[in-house]
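Both of the next two complexes hold chain A, though its partner changes from chain B to chain C.
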Partner chain A sequence: MNAFGRILACLAILLFAALPSFALDWGIELSNEGGIDFGDDTQWYTDNQAALWLTTPLDRTNTNSLAIEGRLYGAREAESGDFTTYLNLELCRLSFVPVAYEGKRIALDAGRIRTADITGYVINQSIDGAEAHGSFAFGNVDALVGYTGLLNARKTGALMSQDDYIDAGTDDLYALGAKRLVGKATFQFPEIIGKFDLIAEATGQYDLRDALGSDYLQLIHTAYGTLSLSGPLAPRVYLTTSGIWQTGVLTADKDYSENAYLALARLDWFAGSKTKIFTEVIYTSATNDYFSTFLPITFQSAGELFTAGYGDLFKAQVGGLWNPVDIVNVDLSCRAFMYPKEVYEGESIYRGTEIFGGLTFLIRNDLRLRCEGVMYLPKDEDSRYQASLKAVFDL
Partner chain B sequence: MKRLLLALLGALMILPVAAQSASELSAILEKKETNAVDFSYLIASSSGLECTPFEAYAWCDGFNTFPLTDTMNTPATPKSISHFLMANYQLKGGIMWSLTGNARYAYKELKYKGFWKQGTDPDTVLSGRDLVRAVRQFFTDYPDALPRKPDAPKPNPRYLEALLADKEATK
Partner chain C sequence: MKLSKICIVILAIAVSVAPAFALAGQVVTVSGKVEMQTGSGAWKPLKAGDSLESGSMISTGFKSEATIKLGASILTVRPLTRMTLNQLVEKEDTVETEVFLEVGNVKAEVNSLNGKKNGFSVKSPVATASVRGTVLEVGDFLVVYEGTVQYKSVTGQTRHGSAGEQLNTISGAVTSPVNQLSNAMHVIALNNTPMSENLSPILATAPSLAPVAADVGAATIPPVIETVTSFEIN
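Let's look at the complex of A and B:
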């Protein structure tokens, strides 16, 4: 057994020795979704998940704790008609609060944890590593270091290079993910400009495929700098503006620079205690002599049926949430997708519009039903629709 | 003598006089670990009964929702008190609570409703301060909650035996 193995074994023994002194809270969540896709052909699809979660405090005050969640996925895709199944360890988080004084608190999460940057557009996924959260009199400081290579490639979301897509296209129950080292540091200064908070963040990822001796077609190293300003514009109206600058290098047959940016503005209006209306505009750099496509660490599609990511995108969205009674929640949004600049001479930048609506019923405290409908109206192709029903049951 | 004690116990248990002894409350507040008797006393006194902790436990036990294996010294935990409150104050719950009536789902129901904080250990033994806070919080959250009628209006003979044993020991 190597040193890493011995450390892991010692940690496991210590952990399980501590468990019997405190109780274990656990639960099972069953989620089943079935839907119909009306595209070129009418197809049905399902998405079934079973999750087991455990939490246990490691001290009496519950400031230190352990949380674990595993999930089994099974789905039938509408387009291919293939059934896919895989397992994933979603969470295995040890939380500690080593320092807690008045005006100073440091908390540490380690293991497999969820992480996201302040905008949620650069990184938004699970990661194996450690994150420290510090609260001080002047503001908050967060720091993360993690590795994505032990995640299940079928779930990870870390899709940046050709190799990442090849890794993810497997039938294995568990396939190791992209070998990347990720770091993030966030500084938040509350109410620094009137009632507006200023957040500065630096995020970076280093592709370790060559360092770990793996075969590769591409290597991508990127860094992101984010500035964000958010606060109330008027009573019940909140504004968030963010700018992300990306720089990096893609190595394939030769080196390519990966300079890009993303600009975001969002307005949230809490129109009443039960209603929220929002509008959001996202603009990412268009490919030209200096800029390349915005390439985040976590790939996320910009819509439901619009499956492209945030690279080369100008997106405008308006939506609302309405909670007429305690057990019903309605959400509706409309998104327009465009290119950030003219791609084909003489043609407009418009790509398509998506209309999305959902209705959630809290049938009982442990049973939720959700109906969803989405319609995508692309510029030059046939329209596509989806309707689905989802039930989530907590055992 | 047995009849007299039973009658006395029964009479005390149905006296609907709202009162909570300051000394009993102080004693509970000082405890690091509470038990079923402490919980019963807080519940009974919140229901307007003027009684001793022992009588309060006998009254609460009459609802027949304490597990058979429980004793007076069984620790008061979020799970155990959630079960008592959900079962005897006739609160509506989810499918699993309705199907099983299990303490685990009683705790989950109250956690879902925000009564217990996320991350609360369901099996931790509550301190006196936490128990008093929880019982007060319950009657604040559910001001109209009324206990159902106990299943066993007469005290269980085992309390009489306990009383007699205690009496013998003090002779």
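Let's look at the complex of A and C:
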């Protein structure tokens, strides 16, 4: 063993000697989903995941801790029929609480962490960096700085430009993702107007491909400002309204502006102790002389079989969750998808409706089952149906 | 003359300071193993009719409960609870009661004594519930049965809970009532790995916001977008 190897071995021994081994918690989670897709052709698909995770406190009071999670993915996609396999380090998070006095508490997460904006529609993914969480008498503050370029391109979620999609289409076991620097600052003021909370958030991402000397077809830099107001309208009835303003520049053959917005209103009614009914409307700017398509950092499809994102979209949704007993959950929702404005003169803005239902069973504490059924009824195409069964087992 | 000046000053202080009388709590009912710590530090069994002075510490065992009358208010000490009666004082126009809840749950029915206002608070290591004319239960979280309760975390952050609402604290922040209603529904989480944990007090306490999705971006990559939908900067 050379000197470098000996140093590494000593460091590893020191690290594990410092960990309180009695408090080390670890596990393996196996998730297997099989489904059938009734479209133009009937096709089977599978999605299998094996996660190995561990958590350990780094002190006696468990205020500082380490959490690691890695996943092996193996999936047979319905449309292509190809079986793909890849690995990902989902989480490697060191959590510290450097400030915890009467009147203030500041926690810090660093490493590969999960993050999301307050709506979940701008960014909602893993990222390499650090996020501080502060709790004060006036409210809460979050601040994040991160980089997406070390994530596995096949699981990054950060899909904004043509280059990002090309990177994500790799066959490599591990390919580096979009080189984007991301920053976010969030301020929450509880009960600022009656019992309503106000949340203000600023999020931005800067495409580093040019700065790092990488080849590119497009460069996209964007910033988002969000305001959200939420609180009770009546006992057990809660309203959330959010507005996101996006601005940015897309550089390709020339510069294009990326001004857009997303407006959201959601009503949650807890009809009983085990029943919730909700309705939600999301409207994003239509492309015109001033606005472009809403372009979030993390791509998310707006439906299950409706795979388009939230750009150029008007979505109205109603749904419910009923938990008759603690070991069974029933959920049902109906979503209508529309264009935010007339695309072709005289044509309807309606695009299609999706009906989604699911049953979740807690068979044992270490075994959960979920059955799902989706029906998509597009305006101009044939209907599509999908049914699946998913089992999640903890070892 | 000097003595008379001193007498006048003492009289003035006595008149200006509102009189405060220490009240004693009274144990109404006891079931199971309920003990009180005496001044010497020893524990003695508590029985109905015993009186409680300020500073008394009470402990209840498994399947044990005690009901205590504090002025006109009724305090029910739930099983596996340890609490201290910090203060029970009747002032000129208020009755001040303060309970420190070290661990467990207490239910309080706060009533007015002699038509006076109530300053009733239950403190715990993570939060303080301040109430006036209310029925509530405090422990791992706050449950409001009647009236309104101000719930204050160790960081000084406050929210108000109304009848039928529950409040909790997470990392020094007080959750919105909608979070507790959602938790009480016992939604089955398919994934229980560290990745599904939410460490942001904002995402954990804000009402009705999108949850952190564990599976975003996986196997849902759409085809490359060829068209540029933006418009040109002049």
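Everything below uses one rule, namely that the second predicted complex is superposed on the first by the 375 of 395 C-alpha atoms of A that agree within 3 Å, B and C clash if a C-alpha of one lies under 4 Å from a C-alpha of the other, contacts with A are read in each partner's own complex, and residues count from 1 in each chain.
In this text, a contact is a pair of C-beta atoms (placed from the backbone, for glycine too) under 8 Å apart; a residue touches a chain by one contact, two chains touch by 3 or more.
These numbers come from a predicted model, not from an experiment.
Chemist: Please tell me, clash or fit, for chain B and chain C sharing chain A in the overlay.
Modeler: Aligned on chain A, chain B and chain C fit with no clash.
Chemist: Tell me which partner A:107 touches in the superposition: chain B (first), chain C (second), both or neither.
Modeler: Touch status of A:107: second partner only.
Chemist: Touch check for A:364: first (chain B), second (chain C), both, or neither?
Modeler: A:364 contacts chain B only, not chain C.
Chemist: Looking at the overlay, does A:55 come into contact with chain B only (first), chain C only (second), both, or neither?
Modeler: The answer is both, since A:55 touches chain B and chain C.
Chemist: State whether A:69 touches chain B only (first), chain C only (second), both chains, or neither.
Modeler: It touches chain C, and chain B stays clear.
Chemist: Would you check which partner chain A:395 touches, where first means chain B only, second means chain C only, and both and neither mean what they say?
Modeler: Only chain B; A:395 stays clear of chain C.
Chemist: Is A:139 touching anything from chain B or chain C once the two structures are fitted on A? First, second, both or neither.
Modeler: Only chain C; A:139 stays clear of chain B.
Chemist: Comparing chain B against chain C, which has contacts with more of the residues in chain A?
Modeler: C
Chemist: Across all Cα pairs of chain B and chain C, what is the smallest distance in the superposition, given in whole Å?
Modeler: 5
Chemist: Looking at chain A, which of its residues have contacts with both chain B and chain C?
Modeler: 27, 55, 394
Chemist: Spell out the part of chain B that touches chain A in their complex, as residue ranges.
Modeler: Listed in rising order, the residues are 93-98, 105, 108-109, 112-113, 119-124.
Chemist: Could you pull out which chain A residues touch chain B in their complex?
Modeler: Chain A reaches chain B through residues 22-23, 25, 27, 55-57, 60, 62, 65, 364-367, 393-395.
Chemist: Mind pulling up the chain A residues that touch chain C in the complex?
Modeler: Touch list, chain A to chain C: 27, 29, 31, 47, 51, 53, 55, 67-69, 73, 75, 77, 90-91, 93, 95, 100, 102-105, 107, 109, 114-116, 118-121, 124-126, 131, 133, 135-140, 142, 154-159, 162, 165-166, 168-169, 186, 188, 190-191, 195, 197, 199, 228, 230-232, 235-236, 238-240, 249-250, 252, 254-258, 266, 268, 270, 273-274, 276, 287, 289-290, 292-293, 298-301, 307-309, 311-312, 321, 323, 326-327, 329, 360-362, 368, 370, 390, 392, 394.
Chemist: Show me the residue ranges of chain C that touch chain A in the complex, using the header's touch definition.
Modeler: Counting only chain C, the residues touching chain A are 153-160, 162-165, 171-174, 176-178, 181-182, 184-195, 197-203, 205-214, 216-226, 228-233.
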